[in-house]
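Structure, as structure tokens:
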Amino acid sequence: VAEVQSGTGRLAGGKSPSYVAAVNAPEARASRFTARYMLASDIAYVLTAGELGLTPRESARNLLTALLALTDELDGIDTTQPVGDIVSQREAWISARAGKQDAAWLHLGRNRGESLRCYLPRLFFRHTLHQEGRRLAHMLTSLVTRAAPVLDAVAPNYHHLQHSGFTTLGEYLLSWAVVFERHFDRLAQVDRQLDIGPSIFGSRREIKDLYDGVSRRLGFSTRSQLRRDGIWIHHQFTEPFFALSLIAVDLARLAQDFRTWMTPEFGFLDLADEHAGGSSALPHAKVPFALQSVIGGGIMASTRLAGEMAAACNPSEGSEPLYQSASLYGLSEDILAWTQYMADVVEKARFDLDELQRKAVLDFAGSSEAHDRLVYDFGVPFRVGHRVLGMLVRAHHLGEPMPDLKALLRAETGRDIEVDQAEIMDIVLGRQLWPTTFDQEVLRATLARSEQSARKATQTFAGPSPVERAVDALLQEARAWIAAPAPTGTHR
Amino acid sequence: VAEVQSGTGRLAGGKSPSYVAAVNAPEARASRFTARYMLASDIAYVLTAGELGLTPRESARNLLTALLALTDELDGIDTTQPVGDIVSQREAWISARAGKQDAAWLHLGRNRGESLRCYLPRLFFRHTLHQEGRRLAHMLTSLVTRAAPVLDAVAPNYHHLQHSGFTTLGEYLLSWAVVFERHFDRLAQVDRQLDIGPSIFGSRREIKDLYDGVSRRLGFSTRSQLRRDGIWIHHQFTEPFFALSLIAVDLARLAQDFRTWMTPEFGFLDLADEHAGGSSALPHAKVPFALQSVIGGGIMASTRLAGEMAAACNPSEGSEPLYQSASLYGLSEDILAWTQYMADVVEKARFDLDELQRKAVLDFAGSSEAHDRLVYDFGVPFRVGHRVLGMLVRAHHLGEPMPDLKALLRAETGRDIEVDQAEIMDIVLGRQLWPTTFDQEVLRATLARSEQSARKATQTFAGPSPVERAVDALLQEARAWIAAPAPTGTHR
Amino acid sequence: VAEVQSGTGRLAGGKSPSYVAAVNAPEARASRFTARYMLASDIAYVLTAGELGLTPRESARNLLTALLALTDELDGIDTTQPVGDIVSQREAWISARAGKQDAAWLHLGRNRGESLRCYLPRLFFRHTLHQEGRRLAHMLTSLVTRAAPVLDAVAPNYHHLQHSGFTTLGEYLLSWAVVFERHFDRLAQVDRQLDIGPSIFGSRREIKDLYDGVSRRLGFSTRSQLRRDGIWIHHQFTEPFFALSLIAVDLARLAQDFRTWMTPEFGFLDLADEHAGGSSALPHAKVPFALQSVIGGGIMASTRLAGEMAAACNPSEGSEPLYQSASLYGLSEDILAWTQYMADVVEKARFDLDELQRKAVLDFAGSSEAHDRLVYDFGVPFRVGHRVLGMLVRAHHLGEPMPDLKALLRAETGRDIEVDQAEIMDIVLGRQLWPTTFDQEVLRATLARSEQSARKATQTFAGPSPVERAVDALLQEARAWIAAPAPTGTHR
Amino acid sequence: VAEVQSGTGRLAGGKSPSYVAAVNAPEARASRFTARYMLASDIAYVLTAGELGLTPRESARNLLTALLALTDELDGIDTTQPVGDIVSQREAWISARAGKQDAAWLHLGRNRGESLRCYLPRLFFRHTLHQEGRRLAHMLTSLVTRAAPVLDAVAPNYHHLQHSGFTTLGEYLLSWAVVFERHFDRLAQVDRQLDIGPSIFGSRREIKDLYDGVSRRLGFSTRSQLRRDGIWIHHQFTEPFFALSLIAVDLARLAQDFRTWMTPEFGFLDLADEHAGGSSALPHAKVPFALQSVIGGGIMASTRLAGEMAAACNPSEGSEPLYQSASLYGLSEDILAWTQYMADVVEKARFDLDELQRKAVLDFAGSSEAHDRLVYDFGVPFRVGHRVLGMLVRAHHLGEPMPDLKALLRAETGRDIEVDQAEIMDIVLGRQLWPTTFDQEVLRATLARSEQSARKATQTFAGPSPVERAVDALLQEARAWIAAPAPTGTHR
């Protein structure tokens, strides 16, 4: 936000080193995420102001030429210099190229400071959410592709890391497909909230025209109307980052599952070598560093979101969280990386179906099935069934003499219930699965629906993001205008 | 989650005092928020199971009778006893009333632990979001009602708590209307995400019928299909709480503004006596305790959200955040209270229009207008205008001799620019407002649109919430069924 | 902070319901943690003011009589009524007992609002830290008691949940002893920081005497000197809560380990039945609810701390976090409970030494030993040893033909190295442990030192806390003074 | 943590791009904070291993030569390449310089992965805390220097941003001196906790000797004894960062005060131009960007701490927070910058003593003094005084007829109290200050004590940090050893 130049406006002299370190250095860290959009907005402003005759045509051409060149060379530019925010930096960059005289027109119309709080975060996040959509589509595709052939592969079902009946590997993977599908709606909702161009001060016709043109060129379909709106709000940061963080949380949960599954003790999953780390010291080690990174990342995203929200709890026209935006933008890109990594992991991991089946029956995992059988097939009251099965399990676990099931049921219900104790224990111990354990119909329907979602999402997020498309179109427009500027005034 | 009863299932004996303190006591704190919905879900299950003939008709009648009575008496019940979660508590409550024999049927079908993670949070939050909608509608109404008569009342515009041109009190208030209007969309989106009934294990027809009936009776229009979905997810907690927290952040920002405005030094706003605190020691004090509570509340909501999200970054079938749900539910209700309070404050505060106008002109607040005039009316390059005005302001501020504006402009641009220095300084010092300072047309259009939103929202959120309506309908159904149970089996 | 009474001071009328809900209700939740200390401070003030003749002797006696009675009956009092903070509540309670006339003297000297921010949190936390010390002593005792007999019991050593050489169960447990021992220093340091009595305004002799007496009677050995100090600071909340939260984090880490260890797949640990939960549906389940509660608790404590700190980032004489103190105090008591629980778990858990030993050798866990042997006993360069062992492990893991170790070493180093490949593979596969694998000397020395710490800590934290002792002495003093008040003025 | 090299140990092939982005890229960001300490630890290991004859003398010399050269050139090295953690990076850097053959000895003894979790954070934070100490000493010096001449300058005292009696500017500034002084103790305590060198595995004599030598050379006075201690703990990150964050919170509070004070409405403080920002658009603006950065920074530090702590609530031998260490180290350096900035601000700000005095009397700020006079000088019961003064204030505020004070007191107390109503109102309105309003004796004593603390701290933190001194001595030792290595074996 602060000025790079010394002695501008009311202030004399340069900034103290402590000032530079306290505010300019942190804000310069964000420029690598926003510089491209800042230049794009400059092009939109200069082009529109040139069209409208607000900026002299020759100055506008020179500025646009310099801006287009800078855009092309951006990858090679040190975005931390001169130390300051991107607004000041790019003014210095342009001045050095286009000369001070023409550069004096650069900031025209932007006398409202909306850059850092309005269109830069909106453009960054609209683009980033689109990128995330593509990665989610990949995740979804990986999940359904891996789930399809193992819909029937029996696996342990866990509650609280303890056995709780049976599932299949396919069902497990599909349950993640459902989780990730829900994020597409959120991305779309947030994108709509971000689709607002900047507001202006006052009622000058020429400024309205300028802002309407700029908004359109940056891909916004509406524009804020009140001077505070679009700037002195925070949702352009908090909402997209929440949407991303929520995905990061889901990735962390999946990574936690996989970390446990890949212990030798569980032995359900083997990461592809390209997805695992080695040890600098232990020759034998295959280590889930990246899974840990994903887990820690979900947590760091959660608390970073809290930082953004808590720092926003300040006077409405303050900018307290703004100086640390680099870590917000940076974590957003990390979340893209984590999504990609986890999608790759799902795609290439080796699942050990034998081990999954073998361990599915541990710890009396079939007792829930047995309970259902007692209740629904023999009319045993629910809590009675729970109690007598608990007694059987306990005796079996401790190696004590087994109680007589029928006697227990008679004592509890006063009825003779013709249940076969051996069969019940077979179910409890997972020696036989009941026909009703799984619902293949539901699984196949879910698979089909998720496959369709995956195809649709892949299509939706293929190709460049709308932001990229708008910027590309803008660059072309600018190049055309330099070549042959339209006669001024036709737009007023 | 844990059992109140000692020695059930596989476990022998009671719980240690340390266990009770570590897990049961925290979870019992949540029961005051969920007990009503637990009983409603019990009624839905027992009624549907009775209809389906899964539970003997007489047992179902007795249970329903007891459940309806408990629902009526709920306000008088100590929801912290017996210490444990609401699932265990209500089983103890019902057993004491309906007898152990019939109570053995109570938990039928719920062999999937979905209560605490699925429908209780969904019902609580769907209801709470509706309550919040009503309060937001009140806020919006207060804002537009207060804004209408002061659309033209000049006020300082602040950036970073420093003067930045002029606004009007009406425009300021309308800018908050726009902020709060956006939350209605979010509430609706989250409600749709919460509209999912519980999932089941396996493929038994009778359980599907049971769950379909229960889901419908609890007001859900869809139902999860996979065993993990609906339980081993977290968005039923994180999404609605984010939506509420985001509102809390906006309330905190408004409270920060008002806290500054009500200092004697600013003097723009006087809280109604009923909205201010006194001091236990200082006889003269009128203190913004509640504004501070709102500010701190926005921050606490932000970090509590982070706690929920970070604790969810654990194995997918864990419940780490669950035991502290009381503080999540409690803060949600606090956010309702803060919304109501701030809406009341807006409705009844006394704004000092004279003081707002008097202080609007402090600190050369008109220099932005003067700058526009130089740029757009005299063609002065943007950065040149910025520089020369800065020099004038600085000289005036320090009491130094004023530089000659025309000479400065000539030196910078090489042109003679026929600007009237006295007029420019009048604008800088706010001695005259320019006709383009405000855009009355936009203000009136925004007011009209926000008034319409306020009316619509007031209507939408009038009356009981859909959750309340579903529960009321369910209670009536249950009463009717007790009086005349439909013949069993007609529903299978 | 706010007034219960209507129409006091400059304000007319009562509070709006929204005000009460926004600020009074949240603050009343804290009273159950602070009421006892509020009454104790009242007694200290009234007694000292009576001694000094500032309060008429008869009024002081009546007030003290009422205060002592209230203290005795405190457990039976509803501390949420009348809704408001404890300062207002206890004034209402006393007025009802001692009459309005004498109660008018109650608040004398407290015209500085220090209650809620100065001595109440200091007394609460000094007491709570002492309670925590006792629980830590129990934890330490449990750890050394369990470690002693299993110092030599071989167990897997994990890095990132993967095998990384060997440890012993005793070493593992002792490593936790070391972790928990460090907290004693922190508790002592924080206690010293909290040992500051309240500051006063101005230079009146009688107020100084009053505050000196009160400070001493509440157990403080120093007193703040500046009017802002002791009130407009935050460390009385943030420091003790950080100390407690850091313990909560360590408990969560231990709980994570144990949760993994108690899966049937690991099978290293069995919780005592009294420390495990059952399932409301699954008859066989033994579930680590409380471990999850401890894990989630460490996370919630971390983010609650952030809330306290972030909310303190407001004007220095604000109270933004204060209204939510109930959750800070409440979580502090939860951390006591979690410490107790985890100490109990350590004390009573069943470790499966056979399973620990059996799984210690999984996944080539001995390769680190083998590596040391190559490097230190045969002079193989470190990275060469790492590489060749990696090749052996990989071949073995994939069932490929084993490379020749000597040939590999010759190729890498150009030397003949007389190593026995079979012996090396025995080490890699854990078929033999090397004599240098463990350092029994260090283990025994550590055990001895930790045992001594445990004994010392047990002694230090036995008996009532210094705060309790100060309060008890104060109650006795007050009773004596009521019986025979010292002649007034002797203290002035 | 992860390997840069492809195909080491058990793993084949390189890493996937998604792996690199998910884990290597984030961890490489930390290297700019730790590279110097990594090289120092390498020097300590290679030198000690050379002395002990564990590494061949020539290899050790070559490695040391390369390490010393790298240390000298470090400022020019891109610490993000090759992408990976500093352990892998520096192995690549050294291999490129010293050749693969000698580099094979580099990692000797470090087969315990302690770098990233043990001595790097300890060295970084011990150095950083010392740097912070120097900045705190500067802050303290600034505060006492500015306070001394204005000990008697009357200023408003605020509670909750409302007037609450009087203070002096000197007293206000001294109250911050007291706040910042307390941090010195904390820094020292944390430094003691960080003073632990790495632990080893097993009981080999040569490894013990190696680690003893390394620990000593890196400036540690003790060494961990158990294999998990020093690595699988978190306090080396959480404790120093808490100490720094707590300072950040205090800085944020001071910044909040100053931001309010520098509004034109308050007008108490003018930042030096070098400490203020301008606006890119508004010519007149003098904007507290850096104060906002400090405020936001305190909040971000608080939530980043929560991230570190919450991510530590994972299995004890995990590294979940580690991959995001760059933001922890980076924020730590930001806190240094913010401390320096705020100390500079205090040193150079212009306080407006006239405005402070003029506004001190606003809003009946003297009513607390008047209250004391009634209570202590006329024996009016505390609550009666409160009530009658409230009535006077309210009448005055509303412009209503003033009640008769004596009549009010007679009605309330039944006594005739000879108080002069005009004098009381003079006090209430601040027209006269009472002799007991300030305690000059206390102020002067506090000033003297704080001046002494400032002198002492300035001395303590002058010169290089102990870490820098240890590293410098180590570099010299290494240079000497290269020139003339001691005969091997003399140390064994």
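In order of appearance the chains are A, B, C and D, and numbering begins at 1 in each one.
As a convention for this text, a residue touches a chain if its C-beta (ideal position, glycine included) is under 8 Å from a C-beta of that chain, and two chains touch if they have at least 3 such contacts.
Quick caveat, the model's predicted, so the values are computed rather than measured.
The pair from C-D, B-D or A-D that reproduces the interface of A-C, where over half of the contact pairs by residue number are the same, turns out to be B-D. When the interfaces A-B and B-D are ranked by C-beta pairs in contact, the top one is A-B.
Averaging C-alpha coordinates per chain places the centre of subunit A 23 Å away from that of subunit B.
In this assembly, the C-alpha centroid of subunit B lies 32 Å from the C-alpha centroid of subunit C. Subunit B and subunit D have CA centres that are 35 Å apart. Shared contact sites, meaning residues of subunit C that touch two or more other chains, fall at 8-12, 107, 111, 113, 159-161, 164-165, 260, 278-279, 281-287, 289, 292, 295, 299, 302-303, 306-307, 310-311, 314, 318-319, 364, 368, 371, 386-387, 389-390, 393. The touching residues of subunit B, when paired with subunit A in their complex, are 8-12, 54, 59, 101, 103-109, 111, 113, 157-161, 164-165, 167, 171-172, 174-175, 178-179, 182, 185-186, 189, 193, 201-204, 206-207, 225-229, 232-235, 238-239, 242, 245-246, 249, 252-254, 256-257, 260, 295, 298-299, 301-303, 305-306, 309-310, 312-319, 364, 368-369, 371-372, 375-376, 381-384, 386-387, 389-390, 393-394, 397, 434-443, 445-446.
In the complex of the two chains, the subunit A residues touching subunit C come out as 159-165, 259-260, 263-267, 278-279, 281-289, 292, 299, 303, 306-307, 310-311, 359, 362-365, 367-368, 370-371, 385-387, 389-390, 392-393, 428. Residues 1-3, 8-16, 18-19, 21-23, 25-27, 87-88, 91, 107, 110-113, 272-287, 289-290, 292-297, 299-300, 302-304, 306-307, 310-311, 314, 318-324, 327, 334, 337-338, 340-341, 343-344 of subunit C are the ones that touch subunit B when the two sit in their complex.
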